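Structures given as structure tokens follow.
There are two complexes below, and they share subunit A, which is joined by subunit B in the first and by subunit C in the second.
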Partner chain A sequence: MAIYELPEWTALGPALILAVTALALFAFDSISPRSTNRQLLAGTAVAGSLTSLGVAVWFTVAGVGTPTADGGNGVIDPTHGFVVDQLALYFMIIVAVVTALIVVASYDYLVDHAYQAEYYSLVILAATGMSLMAAADSLVTILIALELASLPSYALVAILKDNRGSVEAGLKYFLIGSLSSAIFIYGISLVYGATGHLELAAIAEVVSGETEAGSGHDITEMGGLLGLGILMLIGGFAFKTASVPFHFWAPEAYEGAPAPISAFLSSASKAAGFVVLFRVFTEAFPLGEIGAVIGFDWTVAFIVLAIVTMTLGNFAAATQDSVKRMLAYSSIGHAGYALIGLAGLTADGGELVMGAAMMHLLVYGFMNTGAFLFVALAEHWGVGRTFEDYNGLAAQAPVACAAMAVFMFSLAGIPPFGGFFSKYFLFVGALEAATASTAMLVVAAVLVINSALSLYYYSRLVKAIWIEDPPATRDRLAQPTGLYAAIIVAAVMTIVILPGFGPVVDAALDAAGAVVG
Partner chain B sequence: MMIEALIAVALIGALVTFVAPNRVAGKLAFAISLVPAAISLWLFATFDGSGNALLEGTLAFESQYEWIQLGEYSISWFVGLDGISLPLVVLTTVLTSLAIMSSWTPIDERESQFYGLVLFIEANLIGVFVALDFFLWFIFWEAVLIPMYLLIGVWGGPRRKYAAIKFFVYTNVASLLMFGAFIALVFGLGDAVTSFALPEVADAMVNGEGIQQTLFGLEPTTLASLVFVAMFIGFAVKVPVVPFHTWLPDAHVEAPTPASVLLAGVLLKMGTYALLRFNFTMFPEQVETYAIPIAAIAVISVIYGAMLALAQTDLKRIVAYSSVSSMGYVILGLIAYTQFGVGGATFQMVSHGLISGLMFMAVGVIYNATHTRLVTDMSGMADRMPVAVGILIAGAFGYMGLPLMSGFAAEYFIFFGAFGADFDYAPIFTGLAMFGIVLVAGYLLFALQRAVFGPYSLETDYEVSRAPLHDLAPMFVLLGLIIALGVAPDLIFDMITDAVDPILEGGDS
Partner chain C sequence: MNDWIAIGALALVGLLIPLGMMLVSYLLRPTVPETSKRATYESGEIPTGGTRVRFNIQYYMVALLFLVFDIETAFLFPWAVAYLDAVESDAISLLEVLGPMLLFVAILLIGLAWAWRNGAVQWAQTPRQVEADSDR
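Entry: the complex of A and B
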């Protein structure tokens, strides 16, 4: 195919385009530091993220990274430490989509804001890191990509410098992030100590006994060390994906951050965390062999984490008064759903359940981003933060509120929206896995119970904006173009993804097939 | 492609209406709704299907496209019509147009959103009746709930919030139960099915070997019974039958008139239609096993619903409870499992849709003028609103089963079919149910006598004037249809029995 005539490094195109865009924004900022040319800045960021999206979609459709006719696996290895396969491209698409949406929405949100160029370049820089996370396949590149995504995020959360909540949230996010990074790095060093390798494939060879550990020891003697390292890695990922036990930063950070940044963190950043999680655990610690080395299957850990994360997220969300906090906890709940993708893996399969988790992350990228952007719109209107403050918004802004109803019902997993299918497939995947391990039956049951519970608090918001009467004194609500456009696109995609679910399923199963089975 | 056009027009119309200015929304929605109505009448005129859609019948206007392939199962866009679904589609489109016209008077805020949601409901209701793939069907089925929830919740009466949430919770929990049961059924069938297409599942259940797999430690026969019962309960909530009926009076009373019309006219039929398509087509053995309890539920619904109606003083509540009673007849006809029983039940779905729609409109018109629905508050309304009251009386006689109106034909078919049913004590159950007719006459005549006859008086301070023409016109159309079906039931009964017969033959083999 024509695509192979390009040099191999271009396979990382989606991430590189984001990097170039970020640098261009920096360059502009250094030439003209006080500029508030919003059109130019936002336009550059939008163009960059859309190009990245286009290239990622093009590569996916062109079949980059799929098995080739001559029997090779087709994975492109552009440079040491990065691979481009269908998994990487799939998540690059999610990152690019969410980035484009929130950049468009930020155009209105940042009116009168002093740090325009900084904002956009930090967002695109973080997106670059997330995009690279999707392709990283060595613990070192993973760490670097992860930090590249995290450091701009800390700054973005705190970018409303005069707002106490924003600064406090940024500080908390930074402290917990640093702690989890430290744990993550310590985990990497333990894994390195036990196996002598940092590349995922090389670690897998040591674990399965094909090659000797770097230290010359038999790997089975190092089982405890490796097991501890793996647990610490899980800790690091739990932070990035906002899962238990490192979830508690999420409500604070999301609430304090500007709402588009909350959308960015809870959709793109979470998806990026999951792609690394998926890749590391399936590639470096193959399920068939790891049990013999460290004495337990890591799926057990994920079964427990999935159950606890789902339940905690949903129960906490049900008790919130602030809409943003509710969405933050619901985001934790959805991390729990996505964890089922790892919990349901078995030594010889699990493509379906992992593919379902990926579908859910894609749909989530639209519906959750849209929901947070609606909150951004509400902040732009200045109506307040609680459910009661949202009362009767639909009477004044029916289109945006219809979109919000779509997001809420889709998050709850009700047809006819995208969230229904992805959640259903997760359920079926969990049931399929239950034939191998009965614990997955519990996971499936907890999934259903949590979905039912989630309908309560999501529909509570729909009730507030649609059914409750608006307060007597509320000014006319403006219709900012960028925010509206982003929200409507997200809503349309949440619905259109349903008839278009065939290709999504194929792409997600291909992506899962790249690392499983 | 005509079915796709039908749904697409309603959906696009819903979007257009939703963003249209409030003052033109009502007229615009009505104009748009005439298109699906015309298409469905054209479908009716050129219908060339035969047999049952699920049991190897020839489908009319069929189309099927692969949608999703996941593991061993495929999901497709699969629609088509047979003699059971076509009359219900026509009922939906016609009733929607009339309901839209009847809301011009009572709906006076957020009109564009209201009419947009009504057209959105229409699209999904059509979808429910034409879809032949379980997933597709389920999506339409659920998509009806959200707009109805909003119609009740936003434009409803004083207790609208409670009524809306009750409606939503009841029907959603029921859907979950039914959904789980159907998925268990498909998995239980194992390799016999490779898709969620309803004809394939029905074929595996009726002509194939049925459920063969042991699922979660449940034996195949136990699983089949559990699925049957779970699906029955899931649909029974929607119908509704006693004891799952309590959401209905609340929803009806609080809902604005047009929503009541659609709720009673079409939404309740979703439940009985689904019962017929799923339980009574796919599980002939379980129908036989559970005949007596189901017949008992039917009779209790008929009698208890009528007695509840007898105790009401709110006109709308009376009509609402009478729906419980009428739906009991449908269940009785279904469980009879004879040509006249099942055919009559389907006929009753259409007939009751028309009659209850008419009744809710008439009550709505009176309420628009008097701002009360309590029979104790008014007297001699015939004096001030002769036309509207005349139609109300005509509708009441339709309910009571006056010959030459569709209600008579429907009830006659059902009783005739139920007397000849195979299960034990069938004549006794039928005899008990027939007593319901007496009660219907009782509560309707009692209410009419107090509210519309006698000297005029009204407790509220409103000047009662004659209803405008656009309030009355939809009722005349409905009355015409009711009489047409009463005089010539074969207009639809032939195609219904043609589609019903294969179900019964499947049951005998």
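Entry: the complex of A and C
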């Protein structure tokens, strides 16, 4: 196969392409800082993210990371601290897709904005970090990739410099982000202190007692230290995935940030947080052995977190008046759904439930990005923020509103759309895991109850858009090409993913099986 | 455990010596209160204004630019130490020795060039200059 001729470092191609794109944008901005050539800037960013997407899809099809037994090229170890397997490529695809969508949409959103090149290069830089997070398999590279994704995000949230809400959101996001980073680093240091290693595979060896006796890493005495470190790691990941207990930045940051950035953070950034979470906990702390060392299984922690996050996100979303805030809380709720993927793992299985969580993150990448981009469109029109302000938009912009209805029903998990299938798989996976621990029955029940509740506030928005009468004094609404294109692509993908769900299911289950098994 | 007793004793003595010196000088010295003794010390100058001064954002810019060079040094030194040995060894080609560092410096240079071109090293302007700038 042609892929064999490439050197191993090219396996990180999707991330490297994004990095080169970001640097090219910076270089362009250095050469002509006052350029108003928006087409060139946005075009470069779109080309970069689409190339990254193409390369990631090509690698997946060509069998990079597929185990050799299944006719693939095996897991590739491009350089120290990184690994490219199916899991990494799957999430690189999600990140690239979301990046491409929001960059296209930003073209219209950013009309008259002073910092064009900076905006695009920061977006691509953050995407580079998220893409690298998917492939990182050492705690150090994970931390650096996580910071590379976070630092540009702080600036992006606050990029509307004259908007009080944006600046305030940026500051809050930054403060909570630094706090959780500090906790995360402390967790890393404790894990390192207890095991003496930073690479995930080496940590797993120490945890399962495979290192020779007398090598100075007698893990049984360090159980408390390691357990504390693991809890702190969970704290760091909870920030990145916007789940309890570090969820409270999300509504503030998403509401204040420019809507495309909210879409970016709530879809790509969340997915990147989850891939690291999946990888760290399945590879470094194998379920069978870790319980003996630290005294509890980490699935217990995730069962609690999943239940609390789902419930809190959905109940808070149901009481919101502002559409963007409602979407922010619903995004917290969806983080809870994805957490089921870890809660349902068992020592010898669980790839169905984890694969379901990964499917959900992919579908979510389309439907949630689309929903936030519709908010971006509404901000572009200047119609206002609350549900009442959205009344009767369908009469004036039926296409975009039809797309919005698709996103809402898909987010709620109504059958004909992609969101139903991923939720269905999550439910089935949770029930399957319930044979091992009855607590998963509670999780499955909470999932159903919350989905039913979420239908209430999602359909409330659809009702406002489609059924209520528009106010008499609204001007004609413009039809910005970029925003429309991104929204329609996202809507089409949310529907098309249904007939195309077979390959997605296979890809997700393979990737989950590879790390769980 | 014995080691810890020694360390604890050392810490105790370390605390007692300065505290004892302060106590002795407190007991011996004459007390002559005077307003200038209580004032904030500003290198012998008479203090003016409060302590909560707003600093120009340019200081921050310079500090950020300093970071570029700071990180560069932090990585250049260990690299330079290993450089000669790496060049002489046959196992590593010159490209592998030089390439990563050149790439790293190039990335930093792009950052510096960007900051330079976007006015981060233009020193603070007087209001009149700012007006002239905005007229352009």
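One rule holds for everything that comes next: the second predicted complex is superposed on the first by the 507 of 517 C-alpha atoms of A that agree within 3 Å, B and C clash if a C-alpha of one lies under 4 Å from a C-alpha of the other, contacts with A are read in each partner's own complex, and residues count from 1 in each chain.
As a convention for this text, a contact is a pair of C-beta atoms (placed from the backbone, for glycine too) under 8 Å apart; a residue touches a chain by one contact, two chains touch by 3 or more.
Please read these numbers as outputs of a predicted model, since none were measured by experiment.
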Is A:31 contacted by the first partner subunit B, the second partner subunit C, both or neither? second
Looking only at subunit A, is it subunit B or subunit C that touches more of its residues? B
Please work out whether A:40 is in contact with subunit B alone, subunit C alone, both, or neither, and reply first, second, both or neither. neither
Please work out whether A:231 is in contact with subunit B alone, subunit C alone, both, or neither, and reply first, second, both or neither. neither
State whether A:405 touches subunit B only (first), subunit C only (second), both chains, or neither. first
Just to be sure I read the superposition right, which of the two partners does A:304 touch: subunit B = first, subunit C = second, or both, or neither? neither
After superposition on the shared chain, which partner residues are touched by A:23: those of subunit B (first), subunit C (second), both, or neither? second
List the residues of subunit A that touch subunit B in one complex and subunit C in the other. none
Which residues of subunit A touch subunit C in their complex? 23, 26-27, 29-31, 33
Can you tell me which positions in subunit C touch subunit A when the two form their complex? 107, 110-111, 113-114, 116-119
Subunit A residues within the subunit B interface of the complex: 352, 394-395, 398-399, 402, 405, 409, 414-416, 420-421, 425, 428, 431-432, 441, 448, 452, 455, 459, 463, 466-468, 498-499, 501-502, 505-506, 509
Spell out the part of subunit B that touches subunit A in their complex, as residue ranges. 18-19, 66-71, 77, 110, 112-113, 124, 138-143, 146, 150, 153-154, 160-161, 164-165, 168, 172, 176, 183, 187, 216
